[in-house]
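Next, two complexes with subunit A in common: one pairs it with subunit B, the other with subunit C.
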Partner chain A sequence: MTASRRLPLLLIPATLFLLVVYVWPSLGLFRNAFNEVGPTGAMVEAWSLETWRVTFHDSFTFELTLNSLWLSAVSTLIALCLAYPVSLFLFRTDSRFRGLLAVVAILPMLVSGVVRVFGWLAILGDRGLVNTTLQSLGLISAPLKLVFNWTGVTIGLAESIMPYMILALLAGFGRLDRTLEEAARSLGASPFRTFRRVTLPLSLPAIALAAGLGFVLSMSAYITPKLLGGGRVFVLATEIFEQATTNTNWPVAAVLAIYTLVLLLALLVVSNLVARRLQR
Partner chain B sequence: MSYLELAGLQKRYGNSVAVDDVSLSVEQGEAVALLGPSGCGKTTTLRMLAGLIEPNHGTMTLDGSEITRLPAHKRNMGYVFQSYALFPHLSVGRNIAFGLEERGVSRAEIDKRVQEGLALVRLSGLEQRRPKELSGGQQQRVALARALVIQPSVLLLDESLSNLDAKLRDAMRHEIRSIQRTLGITTLFVTHDQVEALTMCDRIAVMHRGRIAQIGSAEDIYDRPATRFVAEFVGRANLLPLARDGQGRATIWDQAVPVEAADDADLFVRPQRMRIVPVSEPAGGDTARLIGRVLRSVFVGDHVEVLVEGAGGQLTVEMPSGSGAPTEGTEVSIVWPRAESRVFAREAS
Partner chain C sequence: MTGAGRVLSSFAALVYAMILSPIVVVVMLSFSADNFIVFPPSGYSLRWFQQLVGNGPLLAALWLSVQVAAVVTLLSLAVGVPAALALAKGRFAGKAALTSFFLAPLLLPTLITGLALLLFFSPLKLTATLPGLVLGHMTVTVPFVIRMMTTALANLPDDIEAAAATLGATPWRVVRRVTLPLATPGLIACACLSFLLSFDETVISLFIAGPRASTLPVEMVRYVEGRTDPLIAALSVVLIVATLAVVLVVERLVGVARAVGK
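For the complex of A and B:
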């Protein structure tokens, strides 16, 4: 056997691992979606579409979907506006601290989500950094409600997806060439016009990639909506967890999980198509 | 005052000096080459002129007004980049139109001038293509057209032919030269290729270690190099070590030669200026001569390179092919007009 024909053997360990810990449970999840809940609240083995019917006739499912999509869209947009300049700086800088700065930019990734949420509580809470500062400056009399609502979740989510988006942008900036901007300048384009006509169009594929990633991460985030939402923010991820643990209604949790998965796959396909169109 | 004046330009990067005290005057319509090895500061000089980097010292004046601190987009310089730098997301036509659009030229006028630009570089009909669908030579012409349609004050070419293969490069050399002449556009051409410099430009500025070593016509540079560096960098050079005999006369290979004696110096003669004659032939009054043994002759198509060895060194003579190369091992006499030789001190480095 030649070396190239032996190459696929490298995939065997990961494949076995994923079969056991991912594919097998996913099939179980799929199976659960067709089970029923008996009068005692216990799951009964069945092949029924009853859970699907009930779930999709419930207007709450529709509300959850809209909540999730809206929250993800806003968080992604905020994170993108913050991550893009950072990535552009990291991509461009000749600083010998470039590597260090890149690590600093993605450092939040290395901190547990729970710890980060408590950090935000300390900053955004009624007696947190922001409110006490604004109050002592006399700008506000009563503390702003920045946590345990949509505002807090949006801020927290935007922050948590930013490092991933910075990495995605850096990876996608491939075609961005300094010389092209110099060419635009030499042809009479001001720095702003150069950004508008050269830098931005050429970074659209990177933006599509990063936005797709940020959106998917926001849609599947659980800790941030749960803890920073204070029980007032309902999205698909929190509802799946509620159904699976508190209500132990596994069929509903399974149906919602599969629904979310399909929704995300559809979004990924769309964002891929967009990115590919822009790459042309 | 000339059309374009560079005076005392200097650019430092930390402790290293990329360009050191470069002064240059260019007349309107003139083509000047900045010739030198990589790292000599030629591209840095061109980029300062385009406003892409700022000099630490010195001034640049264009047509009587100072442009030293003028931002790049207000300079009206047509820059052709080594990598062409065509916008990959725009068609060929939009690439060429870019500078006109930034100048607020009317749509009809843009269309007209883009067509003229395409015709000038013989690419008519390709305006809908994307840059990556073009060959290297075509891309380079688009870059040239894009820089020319804005009717720049000065055309700046940065190693613009170095990414083309030899044949195409030759064709483009003539094409660019003829366009430059037709439009009468003032041109600065950065190159490390001496043939490019010699064939495309009215004057050549040879750069070395951030400074201009010599400015002059192709003949000046080739026949009367000002420094040892110029002599060695442009064309081929024989540098024969000078010594003194008992009476203090100059010698090469222990043979007296009719040049002024100097210590730690070499005598420079171009291989093409030397001739090989039989040892029996007497030398004339204004020719110098050396006797050596033919080591090898190599046929190179249009000429023959003859390597001659003497006591303490070798030299190369280029003679026209077909003129009967001497057989290896024969003792020959090498003669050259005294006026064709120069003495250069040996550099410390």
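For the complex of A and C:
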């Protein structure tokens, strides 16, 4: 059939589109990292490592890196502790609402991020749900500072990455063999012991992959740190955006973007290696 | 041992409450009578919905977002579905490599894509224009359409197509009269989700939008940064209802978990 030989021609529009609007701009980003910023703040075309030298001699870059890594680690850990039981529940339940429950678990991923951030402002704000409840119970006298700081950003980020981690865990649980758990139970192991000695070890690869995903998503999140941080939380993502737009310092933005990307790639490689090792 | 057990089920219920709390709170807040974000509200009214109808900039942004999302959806299907067809049905050298090339943009954070597009569009004067926003959103939707439709088309039963071909239909006729009609539920679901992806796209838009052309999520971010009143809650309710409608359509057609998962 000549037509099946002509089938690959259908790939041409998509390939051209991605080459022009994706690959070429990405190369442009790379190119910009080797330009310099002149004394007036204007960009100077060059092929130098000056921007890299300046950026990495700045202790602020180091601080941003630590902030990003720490924030992502804590958010991922919280999200994992919450996502794991939900995924296990969804994997095991024989409720006829299972399909609906799965959709509800990943619903936040389909609702605009700005809407969810706004919801957190109403829950964690000075006159929000948490503070009014605690005050009416007489537990606190002055409102707790829960937003426009690291606490708010961590909570918001954990919630926003949870749906993705639930999906990753569910995909990983597919390989969990129920008969092994049943064997342990019938041999007299308590439910907790069965979980600790059978279920948990078997799901470790899924945990590693989900944690890797959550970490990468938190590192590259911008909206949550920006809005729930209220300008007081500085991470790599917020700095890249500030440098690119407010400061129009493209070379520095490009250097930080490439640096962040390298960090993310390293993290992904590590989490995949860990998952593969745990699989054996 | 069947089912999930009581301890696990109650813990899951708690987490569900946490997952849903921002959305529930936003809905209640939209009916607030207060001037600020106070929860629970001291009284209820429809004043913020009335304010919303009178808010020119937000309505203009909403209209632009709808236009952008509609154009993005049409163009992404036009570019993505043929590619998906080739990847699902074709046998040629380099198919695996091409597939990863098409899906790569989904792995890169939109923060990086947005920055790259800002640097690319600025000299071309495409920032803060409708074509610029459309092209920017398509870097997300085209790979998404290719991924979703390749799976959908590959999962179609081969025998009906084979029967049509044996009965003398030309390959293009098979695609037009058999493959695409069979794939219609998937196509509609894919169009819905592309629309949603473009409509909700925030980070890329923040990089390339401007005062002349600003989408709804960008205007919402600017509003939340500047002021704290329940207006955005009222707008959010409208968006949540619209999103739920789309999600229900997709769920009926193909299943949301499968569509967004992989």
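Operating definition for what follows: the second predicted complex is superposed on the first by the 263 of 280 C-alpha atoms of A that agree within 3 Å, B and C clash if a C-alpha of one lies under 4 Å from a C-alpha of the other, contacts with A are read in each partner's own complex, and residues count from 1 in each chain.
Rule of thumb we're sticking to: a residue touches a chain if its C-beta (ideal position, glycine included) is under 8 Å from a C-beta of that chain, and two chains touch if they have at least 3 such contacts.
The model shown is predicted, which means the values in this text are computed figures rather than measured ones.
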Clash or fit (per the criteria above) of subunit B with subunit C on subunit A: fit
Partner chain in contact with A:V198 - subunit B first, subunit C second, else both or neither: first
Contacts of A:D94 with subunit B and subunit C, given as first, second, both or neither: second
Of subunit B and subunit C, the chain that contacts the larger number of subunit A residues: C
Subunit B versus subunit C as contact partner of A:A253, first or second or both or neither: second
Partner chain in contact with A:A189 - subunit B first, subunit C second, else both or neither: first
Touched partner set for A:V115, first subunit B, second subunit C, both or neither: second
First (subunit B), second (subunit C), both or neither touched by A:E239: neither
Subunit B versus subunit C as contact partner of A:D177, first or second or both or neither: first
Closest approach of subunit C to subunit B (Cα atoms, Å): 5
Intersection of the subunit A residues that touch subunit B with those that touch subunit C: 182, 185, 191
Contact footprint of subunit B on subunit A as seen in their complex: 175, 177, 179-180, 182-191, 193-194, 197-198, 201-202
Residue ranges of subunit C touching subunit A (in the complex, touch as defined): 1-5, 8-9, 11-12, 15-16, 18-26, 29, 36-40, 78-80, 82-83, 85-87, 89-92, 98, 101-102, 105, 108-113, 115-120, 135-136, 138-139, 142-143, 146, 170-172, 196, 200, 202-203, 206-207, 217, 220-221, 224-225, 228, 232-233, 236, 239-240, 243, 247, 251, 255-257, 260-262
Subunit A contact footprint on subunit B (complex, rising order): 50-52, 71-79, 81, 83, 85-89, 98-99, 102-103, 146-147, 150
Residues on subunit A engaged by subunit C in the complex (per definition of touch): 1, 3-4, 7-11, 13-15, 17-18, 21-22, 24-26, 28-29, 32, 82-83, 85-86, 88-90, 92-95, 99, 101-123, 125, 127-129, 132, 159, 162-163, 167, 170-171, 181-182, 185, 191, 216, 219-220, 222-223, 226-227, 237, 240-241, 244-245, 250, 253-254, 257, 260-261, 264
